[in-house]
Amino acid sequence: MQLWLIPIFPLLGFVLNGLLGRRLPKSAVNAIACGSVFLSFLWVLKVLFGANAFSGGLETVQVEKYFTWIQSGTLSIGVDFAVDRLTAVMLMIVTGVGLLIHIYATGYMAQEGGYYRFFAYLNLFMFFMLILVLGANFLLLFVGWEGVGLCSYLLIGFYFLEKFASDAANKAFIVNRIGDFGFSLAVFLIAMHFGSLDFGTVFTTVNGMPVEAHAGWMTAIALLLLVGATGKSAQIPLYVWLPDAMAGPTPVSALIHAATMVTAGVYMIARSSAIFLHSAHALDVVAIVGIATAFFAATIGLTQFDIKKVYAYSTVSQLGYMFVGLGTGAFSAGIWHVMTHAFFKALLFLGAGSVIHALSGEQDLRKMGGLRQYTPITMWTLLCASLAIAGFPFLSGFYSKDAILAAAYEHAPWMFWIGVITAGMTAFYVFRAFFLCFFGEYRGDLGGDKHGHGHKDHGHGSHGTPHESPPSMWIPLAILAVLSLVGGYLFNIPKYLEPLFKAPEEAPGSEWTMYVSIAAGLTGIGLAYVFYVLSPGIPQSIAQTFAIPYRWIYNKYFVDEFYDAAVVNPIVDGSRSLMWRMIDASGIDGIVNGIGHVARALGDLVRQTQSGFIRSYAAWVVMGAILVIAAMAITGGTR
Amino acid sequence: MPMPPPLPASVPISWYLMLSAILFSLGVAGFLFRRNIITVFMSIELMLNAVNLSFITFSYKLRQVDGHIFSFFVMVVAAAEAAVGLAIILTVFKNRQTLQIDEISSLKN
Amino acid sequence: MEFFVIAIIKAAVVAFILLTALAYLQWAERKVLAHIQLRVGPRRVGPHGLLQPLADVIKLITKEDMMPSHVNKVFWFMAPFIAVLFALIPIAVIPFGTELNTPAVDLGPLHIPAIHTPMQLTDLNIGVLFVLGISGLGVYGVALAGWSSNNKYSLLGGLRSSAQMISYELPMALAIATPLLALNTLSFRGIVDGQAGYYFGFIPRWAIFQVFPLNIISFLIFIIAAFAETNRVPFDLPEAENELVAGFHTEYGSMKFAAFFMAEYCNMVTVSCVATLLFLGGWHPPFPSEFGSKFLPSLIFIGAAIISFLHGMSPARPFDRFTLPAFGVVFLILAAIFLVPPVAIVLLPIFWFTAKLCAVLFVYIWIRGTLPRFRYDQLMRFAWTFLFPVAVVTLFLAGLAVALFP
Amino acid sequence: MDAILFMLFAAIAVVCGINLVVQKHPISSALSLVGVMAALAALYLLLGGEFIAAAQLVVYAGAIMVLFIFVIMLLNAGTERRGRRSWTHYADVPILLVFVGLIAALIANRMPGSEAVIFGQFTKGTAKDIGSALFTTYLLPFEVTSVLILIAILGAIVLARKEID
């Protein structure tokens, strides 16, 4: 099937743009960037149709082995790509949504500096993401994992001249290191316990085992994998990097921090579902982490005023939903939500980007409003996305979220109820953002001076009046809008993933859960309408009456400050005082200098032999050879 | 090497190795005795050849082709070395008008 | 035992034929050059000067072998023999025809067992490499001669020839490698077998037609490099008479000079043989036998016979009245021989091989009669900046072609 | 037969090697080195390394040594003068004797009664085998060597070209 072609195209795009991009005109850079992604999208289609994956084919995994990468002892790790239905779904999401976002970015970044750099990074990200989903063993998965982490770092810090951007990049990178540490430990454990890293061998071994066998191992591996997943997918306690990651350009937020990379954790857990199914505790932990994150992030989302922050927290909360799905054993539901979320959250971010673009870089909801007459297309597309995420009946979000909630109810009713509340909050804050953005009248300054704004993408044009985006931006919006409207109905993922995961059985008489979640969503929307359209005074008064919890929530429960106090500052001080002053300055430097002195003394000694006569050197060499041979002759050497 | 009175139909491998050793030490001798840079250089080539012979011999003993590969690489490297070395010799001769190895004893001229 | 006997006999026969051929090649060269320059060439000694080579040999042998002073004697003596040696060795692996199979003959006392042996001294399965290697050694003779005769012209000649040979060996080797890519063997016999058959039934499957058109290019490169390797016009700088007074063999006389001469012509024959075997399909006729290629030799000889008879009718010189008909009779006999099937099986390949060989040799002589000599810097620049890159590119493309369309 | 051939070529090799060392004139040394190489090529053939034998002729005898002779002629290097005798000059002979003795002893006790070399026993030395080994197992070293050659060419040109000034 020539799977290797899929990631190769973006890699080529990266090489071309990265090396020559500076000299190429923008059109050429666009052509290379989008063309490479388009080619790999086409190849994905060809591969999947070739394996007629959409018409009942590809029930079993198909592996392509290319070459042995690491061969140490009995452990042999090859560079192998595999494609099964799970991979197929992820491939479609990554390349399809990725392509749309690339096209969008050509319009969005039009006025930016470092144009070619941006697209080179984006292509590199695509390459690593495809490696991640295609890899047929944990090590390749890890390679892709680290690679996307790197690209996310590069792209968050795209405006590296701004301190907040580089800080956010570092934060994301460091927080992810913690997760990756867990993940790598998990990989080591797997290699230790199974003697192989291939998905095929590992999972067949696991499935072969009785459920309770090696429970300790399984739990350890599963929990460590979960640590990795929480890092990459921004779950409690490692979610803190994602909101700051919004410092990157909006297409990056859409592609990496909403649609694809952050769902890598979900993909990884679903991929290693066999291991998780062998450890009930680990599954419970996953579910609890998920539901906690969902609720927690949703509450924060209620109060934010930066539109991208709102969507960022909603991303965290939706990822929490996915984890709930995974943790309650409804892996397919989780993946389903990955797909629908990719649609509407990418759309939300792109729409937000379009709004920001329209407002020449404004991100503060309080300075927006009344944009519906300026940017109708953006409004309608955003409406679709908001309805979809709010779980409005028969839109994409509805199906996946309902599947997850049903599974949650099967698992533990309290989880279901928290999920419902979260759904309500989700609907509320999304529409809060929507109404604040498009209804009322424009609260921004039409003068177009952009002083005093917080962090934002920079310098879209110079005009102050809001304006609709170019077609290269709203066409992807439209496509995504259609997808987020009908996506859930068209692609019934749980049914599609039957061969891999057993579908969550619908308990009879549990349809009311569906109605409850719909009701929650509608309530949220209604409340938002009341609060921010009918009588905009209410939120203020609420904020004043519940001042203390409001401030807590508004400041994100002071989690960042807590982390600073508990983790960051001690490390910084410790390394400054202890490591640097004592150990490095005195100890290591002393040793190094001492070695230098010794070397000089020896040199003075040895210099006497340097007579400058080649033949005396040769004689020395011969004597040395004689010594060696004599030693061999005496000791017997090695036979 | 001692020749046994009745000449055997074929010689043992160790004779080839002995021949290689003798050639090698002849090369060393050339390196040590000769004064002409070019001759010294040729002695190095002689040593390389001796080593090649033992490579081939061992690859005969092990019935593997690797020895041939190694000696092939040795040849290639020797070619490169000869090119550069002779160029250096030309330069030295241009600067010092001598090929006597003992007269080229200082790094500075 | 029998193996040794056959080998010795073959060696003797080949050596005899080769040496005579060399002598007559030189005669042919003089004749052709003469006709190119509208002269007659040697015609005093024997009919049409056919005995000229013999006379030359006698002259050279009987000349005084004087040795100039101040020459480095050992090398001065060694050089011509080295040259001849390395010129003669490659012939050992050149096949001239398919195979010789004779039934066992029993004449009372001496009993000749059934012989079947390739028309070749030895079929080395790295023949091509062997020829390359030995012909690479040929340069020592020239270089030593030039250096040892202690004469600035000779030294220049030696230097030139060594530099020139090193430079032109690369394109030559690359050009040789190109057909080998498709033929996929290094033994001459295998190479020729790989060129049997015809495209569309009439275009011979010779190597030059194989990886069309790359092998034609590499054939040209090979011919050019071969001219340089054999120090022939237009690359005959080592012995440029008018600037180096015969270059490396200025100081040589009589038999040593003859040795150099013989070496040069022997090299010509060798490279022509290689060209014939590698590119021109060896002994495979240019068109298939169902089109009557097996009768062509007879026809040619008969035609020659008729011509010589006609000329015999109206002789230009008195003794032609006897010589030409005699030739005609010889030709007729040859034609008759070629019509005897068992003999023809052996002789036809040899005939075609010889024909192609003579064609290539004629090109040699023709070029010599036509082209002026290169200047030295032109020679080097031509080798390194034109011939070598072209050869590399051709080899690369040929490899690509062979890999893509096996 | 094998033994005779071995004796013949080994004798040629050793004699030429000694000649290389004792001859005063570089050209004589060069020619005797060529002799050694030719003899070694024959020995390679005996050992079944036909490709290597050919390569030995082409590369060493055909190219490298011609280069040497070319340089010798170019510099017109005469017979070497008696230079100052360094201490090595006296230490050399015993050193060498010890050297050869050691190696001989080593070989003697390492491979006692080692198997006989019979022509045709080893058939893996054809161009085909070497090519396949070279382009699969040893591909990376091969490419590295090609880079090395390139560097050598550049270095040689840079070193030996006339200073244009």
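We just call them A, B, C and D in the order they show up, numbering each chain from 1.
By definition in this document, contacts are C-beta pairs under 8 Å (C-beta built on N, C-alpha and C of every residue); 3 or more make two chains touch, one makes a residue touch a chain.
Owing to the predicted nature of the structure, the values given are computational and were not obtained by experimental measurement.
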Chain whose mean Cα position lies farthest from chain C: A
Whole-Å gap separating chain A and chain B, where each centre is the average of the chain's CA atoms: 61
Geometric centre distance via CA averages, chain C-chain B, whole Å: 36
Between chain C and chain D, centroid-to-centroid distance (C-alpha), Å: 32
Set of chain A residues in contact with two or more other chains: 611, 613, 615, 618-619, 622
Multi-partner residues of chain B (at least 2 other chains): 28, 32, 101-102
Per-residue multi-chain contacts in chain C, two or more chains: none
Those chain pairs that satisfy the touch definition: A-B, A-D, B-D, C-D
Contact footprint of chain C on chain D as seen in their complex: 27-28, 31, 34, 38, 41, 50-51, 53-58, 61-63, 66-67, 69-70, 73-74, 126-127
Partner chain A, residues of chain B touching it in the complex: 28, 31-32, 40, 101-102, 104-107
In the complex with chain A, residue positions of chain D that touch it: 86-89, 91-92, 95-96, 98-99, 102-103, 105-106, 109
Complex contact set, residues of chain D against chain B: 1-4, 6-7, 10, 13-14, 17-18, 20-21, 26, 29-30, 33, 36-37, 40, 43-44, 47-49, 51-52, 55-56, 59-60, 63-64, 67-68, 71-72, 74-75, 77, 80-81, 83-84, 86, 88-89, 92, 95-96, 99-100, 103-104, 107-108, 111, 113-119, 121-122, 124-125, 129-130, 133-134, 137-138, 141, 145, 148-149, 151-153, 155-157, 159-160
Parts of chain C lying in touch with chain D, wherever the complex brings them together: 74-75, 124-126, 129-130, 132-134, 136-137, 139-140, 143-144, 146-147, 155, 158-159, 162-163, 165-166, 169, 173, 186
